[in-house]
Amino acid sequence: MISFRNDYGEVAHPRILERLLECAYAQNDGYGLDVHSVAAADSIRRLLGRDADIHFIPGGTQTNLLVIAACLRPFECVLTCNTGHINVHETGAIEATGHKVVTVPHVDGKLTPEGIRTMFDAHESEHMVKPRMVYLSDSTELGTVYTKTELTAIRRTCDELGLLLFLDGARLGSALCSAQNDLTLSDLAALCDLFYIGGTKNGALFGEALVIINDALKADFRYMIKNRGAMLAKGFVTGIQFEVLFEGENPLFFELAAHANSQAIKIADALMAKGYDFYATPSGSNQLFPIVTAEKMAELEQNFAFNVEKTLPDGRFAIRFVTSFATTDKMVDALIEAL
Amino acid sequence: MISFRNDYGEVAHPRILERLLECAYAQNDGYGLDVHSVAAADSIRRLLGRDADIHFIPGGTQTNLLVIAACLRPFECVLTCNTGHINVHETGAIEATGHKVVTVPHVDGKLTPEGIRTMFDAHESEHMVKPRMVYLSDSTELGTVYTKTELTAIRRTCDELGLLLFLDGARLGSALCSAQNDLTLSDLAALCDLFYIGGTKNGALFGEALVIINDALKADFRYMIKNRGAMLAKGFVTGIQFEVLFEGENPLFFELAAHANSQAIKIADALMAKGYDFYATPSGSNQLFPIVTAEKMAELEQNFAFNVEKTLPDGRFAIRFVTSFATTDKMVDALIEAL
Amino acid sequence: MISFRNDYGEVAHPRILERLLECAYAQNDGYGLDVHSVAAADSIRRLLGRDADIHFIPGGTQTNLLVIAACLRPFECVLTCNTGHINVHETGAIEATGHKVVTVPHVDGKLTPEGIRTMFDAHESEHMVKPRMVYLSDSTELGTVYTKTELTAIRRTCDELGLLLFLDGARLGSALCSAQNDLTLSDLAALCDLFYIGGTKNGALFGEALVIINDALKADFRYMIKNRGAMLAKGFVTGIQFEVLFEGENPLFFELAAHANSQAIKIADALMAKGYDFYATPSGSNQLFPIVTAEKMAELEQNFAFNVEKTLPDGRFAIRFVTSFATTDKMVDALIEAL
Amino acid sequence: MISFRNDYGEVAHPRILERLLECAYAQNDGYGLDVHSVAAADSIRRLLGRDADIHFIPGGTQTNLLVIAACLRPFECVLTCNTGHINVHETGAIEATGHKVVTVPHVDGKLTPEGIRTMFDAHESEHMVKPRMVYLSDSTELGTVYTKTELTAIRRTCDELGLLLFLDGARLGSALCSAQNDLTLSDLAALCDLFYIGGTKNGALFGEALVIINDALKADFRYMIKNRGAMLAKGFVTGIQFEVLFEGENPLFFELAAHANSQAIKIADALMAKGYDFYATPSGSNQLFPIVTAEKMAELEQNFAFNVEKTLPDGRFAIRFVTSFATTDKMVDALIEAL
């Protein structure tokens, strides 16, 4: 059984594990105040081209709930598209911090300025929650990516409406390495109030690098991390991983993401050549949503693991293939063969 | 500079890291549903000698807040001693779940049946929080350990008063390997409603194994884990670590804890031989709290890192030395030399 | 200016105020443990024809948040229709207790078994919130009322799916006195796990009588009330009001609701006679949603206050007229005249 | 049986009830936006001698939890003395908003600058909650009152340490009318960031007037009120009450408080004349804490209701007598007779 189920099925890239092994017995300061965390943050800041507070958080749901709990007052809500991870796949983790998630219909997995504005306008009285933050993911839950034009337009809308912009970058590596992408880390830093760079889905054991750009959101953030149980005693374990991912001229982070993308593109090309329909437009990122018949799905399930996204009205299925840093040519070839 | 500051300063035991490296590219099921997590839980259950639900959680604060949020109704509180970790060192993480922490004066770092009963009796009306859980740590914040007699008496009090008993085992390895200890994992399973076995402070990269004994507390716990952002996508990373720690006849877990303890005992013996006073009775666990003068402290700080627990009324200082799986004879000899 | 804006615009029925005045200097036990609260609860229990715990809560939002916080575990959610009061008009009060509100499209303001089942089925994994309660209002936000057949079918669905049924009766008086209604308080007690009987919108100064039928939900509820700040020191003020509303053979509660309904029916008849369309089917309750043109609306606004529910695609407006215990014939005649 | 148990045992002063009755059928705007609430706030602002936001909240616990939830970030805590109402008598209502209450030993029921500073200094790291607000009551839980010198010193400490000062004035009327008091409402406005003026314990049916002085705390407070279920639909019911309490040259509010105090003073004088000891120094407010023997207590309990505050080490009891706007000379004489 070959799995295309997700990009967090393999342990980690060996270079990360080897580095951890080299440092096994070295003594470090605790709680993320170690030299590795500092070095990793410095590397990321160099790519941002500006100052920023950077915190390494164990997981994505945790980062999302932390940011929302830290930035919003009790009656404020976060806007996202209906497919947003915080809306459907976090078991109420955001609401557990006391905040409502208000949704807007997605367009190919993405938020639009119009969608944001419509939902903002629908919340005009003190008897309703007050919109305060826009949450979006790049790449999205449907594997699509935002262009610089799109994200700039959303930023402008946020400025106009007094909304913070928070980008969930659990799959940011894949987004930035997509052929359709024209955003850089430096652009994100200019456009977002905060965003994060996902390690878990791009070759790390775990860990997300939260980048806080907006000065007003920086104060006491470490208190907040501890308050939600997200401050690992051995913070250096995350620090070392991001140090490995971002050091040098050609950071491993982009190399791994580009590898995952290139494997996905091979599959996408094969799917298109074979005339498959798609549930969401392939974007060059590491997620694909082809549409298959029940028979084809059953056949594929003999040898491959993947998620079923949706049953379509015509009885066919939108399924999801995800590639990772560890997806080999052999796996890809086997899948293409079977399609 | 040699650090005796804590037992979470080194990355991890090499055997754990080597195993992770061996599995680097293997494909696993996500969210803790993998074969490694299952195997690790099975190994632990064998030591418990009974059935139990076992969940691997990234950190200790997270485990504490999860358990308390899962077990208590909104108006119920948890009792602990005033030195309890959840009371002083978790930045309000428990209160952030909505629950009051009510404290009882400690006796050598420990709770007593009398202390519990007194505080329970002080909460007799619906205008006050309702006590529902007793939280204690073994080993305690002062390095002391509970005996079977003590813990049995506390259990009896809990039964009588309708209280759940939750044991924080962040340093349980060290407690169980202490010369003063007469408890086994199987005893803990018989006496506690839930407890956890700490990996972070005993050679793992991170991770705590939460053991739920009380059937009434088991339902839907995985929902709860996800709800607090404590369900790692790569749950198998924790699973593999606990698999390594608990596999075989002589589990590495106990070997590492025994090592840390034996290094602490050497230091304790030296301290006693030299006539040092102690802030808390040495118990054979990996934490020591000798009392030093300001001059001595300044001298030690030249070459050693350690925490200052308290300034005493006579101007002396209670300081803390902690040993770990990685503390070498050389480090210990250097410290003894300096004392 | 005559207001048809709502049913909570007048102070209270004089009989309630006179009784309060009679008792002005009498000494009472605090916190709802007084003889008036007991008598009021007894009167209501007689109408229920069964035992139940009854608590008097100052307001509706408070009752909703209390019930949901008391009954749900942190990862559990409440299902309601998209027009539900807890979804749109409580400024995130439910989410502030940590719970997600999941919505189902309404049918004439009502929930249906199919809607409940569809949304229940969409939450099948531990990565999503777990449905645990169905919340509905009678009369609904659109003034419609549930029939016994409809509510029985919903109860059956709840039983099958393991869901609690909670009925918001902020306007229950009006619902029960509607011509379309065939439910009694005794039926509600048989069908709901908990429900409340609204005083605020039916002639009281404030106050809702929460009725808990399900034994499993009764324990320690007074702790919960206090925990949310909903336990008035002078609980007898609510007790006296409900005593007045429910004492005697022909309780004032039903008399006031019937009056409000009859005034609304006169307006509804006039609207129908004049050929107005309706946004929601008039049900004989005290809320009406006629559709008017912009010109008509502007004209009416000269002399009458009312809410605009919605702008329709054709440019017309759905407006809302609400009658109360205090709506006089003269007001009604003036409105009919103006229509 | 004559009750000296508390000052919230009688319904309300007749003048308030008569006014409500006069307005029974008048139509008002909802949610506290009515002319009565505006007039009441204006009357209070005149006494403050400065601009302030004023909100009428149904109860004291609710006001406390609202203010704390509105002003603090999730990891921030509130400091109070160990006898503070929010610490012991609110069933975890503050913690239910996510905040830790940190306590300082009281001195005659009061906080001191030294106590505040000591506890502030004990919270020096991000592993502990961050002190952000000082909460105190005037009059205190022990019936004592703050002097202008004392409160000014506390304000200075707050400024120095970056703490907000919040005064719980559930019994502020009694405090301001005490012979030992030298504070005015205008002083409180100059010294506090926010405070409230209690109606419930001074002749109203219910209701507290929250005064927000600090501009930074004013924004969106009505959202917050609604978010906690504290916005009554019929806000004008509270508005009318405070209108009656504060209108005219000699506001009823002070008249009622002065009456309660004068009745307490008579009892205090009698107690002193008879040589009773006191648990807390009588201050001229409406609470007294004499110490009685078991025999005397049993004797008094035949005809009088009162609370027992504490059993003393010598076997005697500290009991509490509270007078109210409704305490008559006859009641007082009967008690003095019995002492």
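Note that the chains are named A, B, C and D in the order they appear, and that numbering of residues resets to 1 at the start of each chain.
The definition used in the following text is that contacts are C-beta pairs under 8 Å (C-beta built on N, C-alpha and C of every residue); 3 or more make two chains touch, one makes a residue touch a chain.
Model, not experiment: these values are computed from the prediction.
With respect to chain A, maximal separation of chain centres occurs for D (centres as means of Cα atoms). Counting C-beta pairs in contact across A-B and across B-D shows that the higher total falls to A-B.
Note: centroid distance chain B to chain C, computed from Cα atoms, is 50 Å. Between chain B and chain D the centroid-to-centroid distance comes to 43 Å (mean Cα coordinates, whole Å).
With centres taken as mean Cα positions, chain B sits 33 Å from chain A. Of all residues in chain B, those that touch two or more other chains are 74-75, 90-92, 96-98, 126-127, 130, 223, 226-228. Listing the residues of chain B that touch chain D in their complex gives 74-77, 88-92, 95-101, 126-130.
Of all residues in chain C, only 2-3, 5-6, 8-14, 17-18, 20-21, 23-30, 58-62, 64-66, 90-93, 96, 200-201, 205-206, 223, 226-234, 236-237, 240, 326 touch chain D in the complex they form.
Looking at the complex, you find that chain C touches chain B at residues 31, 69-70, 73-75, 97-98, 126-127, 130, 220, 222-224, 226-228.
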